[in-house]
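Should a chain be cited, it is by its letter among A, B, C, D, E, F, G, H, I, J, K and L, assigned in written order, with residues numbered from 1 in that chain.
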Amino acid sequence: MVRFLLLNGPNLNRLGMREPHIYGHTTLAQLEKQLTEFASEYGAELTCYQSNYEGALIDQIHRAESLYDGIIFNPGAFTHYSYALRDAIASIQTPVIEVHISNIHAREPFRHQSVLAPVTAGQIVGLGVNGYRLAILALLDIVEGKEK
Amino acid sequence: MVRFLLLNGPNLNRLGMREPHIYGHTTLAQLEKQLTEFASEYGAELTCYQSNYEGALIDQIHRAESLYDGIIFNPGAFTHYSYALRDAIASIQTPVIEVHISNIHAREPFRHQSVLAPVTAGQIVGLGVNGYRLAILALLDIVEGKEK
Amino acid sequence: MVRFLLLNGPNLNRLGMREPHIYGHTTLAQLEKQLTEFASEYGAELTCYQSNYEGALIDQIHRAESLYDGIIFNPGAFTHYSYALRDAIASIQTPVIEVHISNIHAREPFRHQSVLAPVTAGQIVGLGVNGYRLAILALLDIVEGKEK
Amino acid sequence: MVRFLLLNGPNLNRLGMREPHIYGHTTLAQLEKQLTEFASEYGAELTCYQSNYEGALIDQIHRAESLYDGIIFNPGAFTHYSYALRDAIASIQTPVIEVHISNIHAREPFRHQSVLAPVTAGQIVGLGVNGYRLAILALLDIVEGKEK
Amino acid sequence: MVRFLLLNGPNLNRLGMREPHIYGHTTLAQLEKQLTEFASEYGAELTCYQSNYEGALIDQIHRAESLYDGIIFNPGAFTHYSYALRDAIASIQTPVIEVHISNIHAREPFRHQSVLAPVTAGQIVGLGVNGYRLAILALLDIVEGKEK
Amino acid sequence: MVRFLLLNGPNLNRLGMREPHIYGHTTLAQLEKQLTEFASEYGAELTCYQSNYEGALIDQIHRAESLYDGIIFNPGAFTHYSYALRDAIASIQTPVIEVHISNIHAREPFRHQSVLAPVTAGQIVGLGVNGYRLAILALLDIVEGKEK
Amino acid sequence: MVRFLLLNGPNLNRLGMREPHIYGHTTLAQLEKQLTEFASEYGAELTCYQSNYEGALIDQIHRAESLYDGIIFNPGAFTHYSYALRDAIASIQTPVIEVHISNIHAREPFRHQSVLAPVTAGQIVGLGVNGYRLAILALLDIVEGKEK
Amino acid sequence: MVRFLLLNGPNLNRLGMREPHIYGHTTLAQLEKQLTEFASEYGAELTCYQSNYEGALIDQIHRAESLYDGIIFNPGAFTHYSYALRDAIASIQTPVIEVHISNIHAREPFRHQSVLAPVTAGQIVGLGVNGYRLAILALLDIVEGKEK
Amino acid sequence: MVRFLLLNGPNLNRLGMREPHIYGHTTLAQLEKQLTEFASEYGAELTCYQSNYEGALIDQIHRAESLYDGIIFNPGAFTHYSYALRDAIASIQTPVIEVHISNIHAREPFRHQSVLAPVTAGQIVGLGVNGYRLAILALLDIVEGKEK
Amino acid sequence: MVRFLLLNGPNLNRLGMREPHIYGHTTLAQLEKQLTEFASEYGAELTCYQSNYEGALIDQIHRAESLYDGIIFNPGAFTHYSYALRDAIASIQTPVIEVHISNIHAREPFRHQSVLAPVTAGQIVGLGVNGYRLAILALLDIVEGKEK
Amino acid sequence: MVRFLLLNGPNLNRLGMREPHIYGHTTLAQLEKQLTEFASEYGAELTCYQSNYEGALIDQIHRAESLYDGIIFNPGAFTHYSYALRDAIASIQTPVIEVHISNIHAREPFRHQSVLAPVTAGQIVGLGVNGYRLAILALLDIVEGKEK
Amino acid sequence: MVRFLLLNGPNLNRLGMREPHIYGHTTLAQLEKQLTEFASEYGAELTCYQSNYEGALIDQIHRAESLYDGIIFNPGAFTHYSYALRDAIASIQTPVIEVHISNIHAREPFRHQSVLAPVTAGQIVGLGVNGYRLAILALLDIVEGKEK
């Protein structure tokens, strides 16, 4: 069975509580439940983890290499400066897809750059929480080895 | 019935013939056929158009407002400097999803910036031609008005 | 008789339909009619042309040298990157006045720069469609050779 | 009756005496006389003021709010660094039109930027002293509330 | 009763021990005691927390929304790069006042920028540990809803 | 008796009249009265001065050395470019505290930098007109020689 | 027989008519005739094409792969921003030699950069229309496989 | 007896497992064992610590002041942005030598800058794991107070 | 008889009172007396003027054209941003020599640039108040028309 | 008889020995022999000189004015920073053609800029050692005074 | 027997005479003697060379390829701009270790960058003249082929 | 007796022969003779030296410490990039005055910066060859220890 890790970074525990005009009303717990069911329909087991600690996210990424077939990662604000997360992603073979709920390119300039993007397999940006579902489909596609 | 426009910009007529290690072996004709069928499975009609002329793409985007419910747009190298395409996209209500086959953030620095991204609904980057399929799903989601 | 060319660049065919809080409700056809009449009152014949193609605008500018006594040019987004239009303007003797309907200096940073301004005779910015009328008056003044 | 303020900044008292190939031979006194007559033909009363002191120009702008219907302002070199003038203009409702006699975009790089432009109603650049006349017409148009 | 959180970031546990010519001789424990008493005189209860972990500070800020009426925050070096703390502050309604003991604008260039300042209510900089007392007064003023 | 100078720069004579959503409704005269009373409660005599002339502010700062024990200075837009004021402040021993009513770091980029900050004793930013009161307290603290 | 394509970009149809102190007096038609004869002496067949449309030039470059053994390309102002032409050149195996009639490094700063140079085989700059002849010789040398 | 702390930052727990062409095949456990023995030969006791948490590394550095005579520190990616670590190092008297296994100046541009280097005693870069041994020797030299 | 103007800008009225390790102990009054005598020895009449007002300095420069044969100008901090003074100097034929007492290139970065230098005849920097004497000699040399 | 100087800068004495995939296998001695013969066929005498000393190259350029009709110059890495060589070239009337064996625009960023290009007659880049032959032809063309 | 070259660049002949608080009191002659003995203890023969001429250093590096097994190179100020030395180092197989006596990252900004570092094997910075000894040990380690 | 060194850098051997509109018609030999006589009138012995070699100039500066009381140095183009000369000047106690014949701030941008200026005693710029005479006077003033 295919196993994926859903990894959410800093402040995403506030999903559904904070700036709903940008991030919607779904809470993280609800979202994790929806996505687990969605993944399950496609025969994939989804494990969910969130932390506000950069170190904890690095630890999870290291462990992912032997435990998961792919990672769906919304790094929150770490997107823009965590070179340590970049190195962690670069150090594993497991494909990582970066998801951003809002269109980071339509917001403050500091959000335009992702220091992780050069080492993630791909990015899905601005498509709301639906972006997570698309990332699951994309990972399935990669795991099944379809021509890119 | 839902109608989408698949718009491909400069040099994408060379798909499958050029740098296959980056862009794969599928030709544009094959891809358009596959995506038309894929859209059709979801009840969407896909119209396909490709041009190397910026002006021709602008014309298509203007016409799209009354003809289509959404646009899947791979702007090729126009991504990085065509402010005229940006204005065209900004001038219509129809949602546009930007697709890039390769991970532009892992390539030359000039490719890191998209002048279109601030006005497109979202971006799907680096996921191969599968990115087009995900964009169709994302447009369906937007058209159906699911919570973002 | 004095002959002027009114040249409008990309997306200006959408005038009156797009972002009316910025560009007003007059369509391009209406505007061209009004300006032709206005010019006519001052004894000037106005020819109108619009295109979304950079190449087509360059062709018009080349032809203008032998056909017109001055050009009123709203280059739209080409303002900000079309060095080819700049070279076209620099290659003719006919004076060109650059018009921008909205105040480009109060909008996005990329709009602050005009790569054409160094080679146009002058610029009229932010004064709405009235800017076109002022440009006609300015060209008349130049043609009549008043002291600048 | 419509009342306008003609405001000229530093070094414009030297008009007609300095670099005539750029600024022409008309002195400031002559120009003020011509423009007062021109405005008068259109039913507008023009008050003229020039100073080399930034503080004096700020004082005039503050007073303008209750005394005038519009300001024609050539800020001279203050264009490029006087954020205090910018704040003064932003603090009043009276529309201000910025005039530059020469084409500042065809000269030294430091002249390309106007820190005032984002808060003025519009700019007329490079059209010689005729630019002042066009600014009077533009203000009349704004005061009469024509569609922009 | 009004409740405030005093939040100190990395290396502030070293207060009074490190570079006393810049930071003075008061230890963090002494300072927390003094400020608690000071707040108490004004009828405010002060809770004190320090951590060298960015994640721990984010957690505290999230919790503050329901527990406190305001936050006095000296973010230490996180001031200059923690966009994750910025997002945490932006995600809560509780006002945050940023305090810096030394004049960061008179030190190394990297210290001149605060990535938090755009989302904090205000900043008090360079006034020594007295800055914390002023921040308590400022928060009281905000809570009491005086005109700003 | 302790004597302080309250110095307000360009456009602050417009306080209460301009952009009240940013600067509040208190006029400068009212504010000066309130602050004089406030200072008086703490045994300090406050002298008030405002000018739109950079030169006049420099003169005041020079005179302050022998007349006052401290300066509360809101330099308005001079904050961002008046190196002459910077030199004036650096040339005296009297402590100067910089006050900004609004949060300059949350506004236009040119407002983020203060060329005066490296030579002022400290800065109080974004706390409304209450910032002036806090500055008086801070100056008292400095004059009384409490440990910073 | 060896076949080469001579490709000239925007405004080069004005050769001999525009700024003769920079570009000389030979018209494009005369130049094409001379170069065809010159190539013919070396046993090479030269096909000539000029356009002011970026899209038309891209189409020609795509077609060149099967039709020509080399391209002599003067991209005019597209040199400085057409990443779409860059991609077109990068997508073919046929060698391209970039020619600039004037010394672009001795002119305006924007002309110093060629976004095409990284993907062309070589550049010949500043040697007048003779540069085209040298480019033909260089292509012959490449085609004959001499040691570089 | 001389006591040193060997401090390794984020992702160095992956040593020997990740990108062996850059970092070699020795695991962190093996390396720590080798270095402990090496230090022991020179009469120095080596304590080893690794963490992916910036806060944990800061805590260790604070504790080092009273426990160790020197620190050998490979900060991993924190090298490039952790101003909090920089402050921690600056707050102690204990000398710190920065070690990088690979030549960071021959890799991606973001790796060229070390925000820690201005406050470390010295740096040893690009000499493989042997760099750690050299750092031990350098610390011994510093502790013994040889002329630098 | 040769007549020169000695012009000193903002804060130079504080000479001898401020930062004597940089500017020496001579007051402005003493310096003006010394220089007047020095000039007199060489048959030149020196008129002295100092102001903290940019506008007053501009007025003096304008008047200098008809009154003086040369200007010795220490613009103080206006050196670094007063484009209005630059225009004033450019508008007169009278030669201006820029003097800086301290070596501005060895101080803060903002002092490295002089916006006036491109339009002054020459600069004498870092040679203390002796620089004024050398400037008088240089002006004499220019007036006497020696070969430069 | 026409006389040319072939000038090679630093490290070109290593030609044929160093990085042959970039620079080929021909040694400098062989190349000088081939080019001397090539020039001779066209009636030109070629003198060859190479040095790793900037000063020696400057001396040669100075002497060239009276000895040669043209210079073929490969400045090696001096291309990118030797403003002294630039001044030397600018100080003579003899035309200089800059040759680079490899395509410097396709290599490291620092190689993209030539500080010499603004003062050389032209540049031939990326065409291998054949570039030297083309430069000889170009110089002959210049000497013979053909229309550029 | 292993042979190394000790290469010292400009101004290092002044070692021990210049700024001893930075560089110590050992003269170059003394240092060369000490290092020769040190190398000898490890069975390596050290040849010493110093020059203030860039060209002379390039010549030495070229010769080193056949004469030495490694180079210890302190390039002095050439570190920051000599691309010619960079090319010389890149053109040989012999490993080069860059040594800087003082911590260049704690000094003026222009010293932070080494244009040589990308092509040297490694760098030892800030460890005083002991850095030379460590470089000898590092070269021995490289020559003996230990795992890096 | 006071002894000074007159040091001229690259291309100054061409004085009087090159660009006389900028540098005048006096040759270096004539200038050296004039200056020697001028110095002699003031009781100073002048030794003259010119070289196009950076290394030779460094050697002279080193020797100057024991031989001369001051140096008049025109570094030519080395002004803008020779950090090695900067270090040489910084390593000696002898005062150095930098002379530039033309106004470098009114020429190409690369000439605006002097990397030597932070370590020279002062600069005399734009005053023609008379600048050398003023530098001799300035050095005499320094040697005699007058108040700066």
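Following the convention adopted for this analysis, a contact is a pair of C-beta atoms (placed from the backbone, for glycine too) under 8 Å apart; a residue touches a chain by one contact, two chains touch by 3 or more.
Just so we're clear, the structure is a prediction, and the values are computed from it rather than from any experiment.
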Least hop count linking subunit K to subunit L through chains in contact: 1
Message: According to the touch definition, list the chains common to the neighbour sets of subunit D and subunit L.
response: I
- request: Have a look at E-F, H-K or B-C and name the one that copies the K-L interface, over half of its contact pairs being the same.
  value: B-C
Statement: Averaging C-alpha coordinates per chain, one finds the centres of subunit D and subunit I separated by a number of Å equal to 32
- prompt: Centre to centre, by mean C-alpha position, how many angstrom separate subunit E and subunit K?
  reply: 48
Message: On a C-alpha centroid basis, what's the spacing between subunit G and subunit I, in Å?
response: 55
Message: Need the CA-centroid distance for the pair subunit C / subunit D, whole Å please.
response: 23
- request: Two or more other chains in contact with one residue: find those residues in subunit B.
  value: 53-56, 81
Pairs of chains, among all present, that meet the touch criterion: A-B, A-E, A-H, B-C, B-G, C-D, C-G, D-F, D-I, E-F, E-H, F-I, G-J, H-K, I-L, J-K, J-L, K-L
- line: As the complex stands, subunit I meets subunit L at residues 24-26, 97, 101, 103, 105-106, 112-114, 117-131, 134, 137-138, 141-142, 146-148
Task: Please name which positions on subunit J make contact with subunit K in the complex.
output: 9-11, 13-14, 17-19, 51-56, 76-78, 80-81, 110
Message: Help me check something: in the complex, which residues belonging to subunit G touch subunit B?
response: 53-56, 58-59, 62, 81-84, 86-88, 90-92, 115
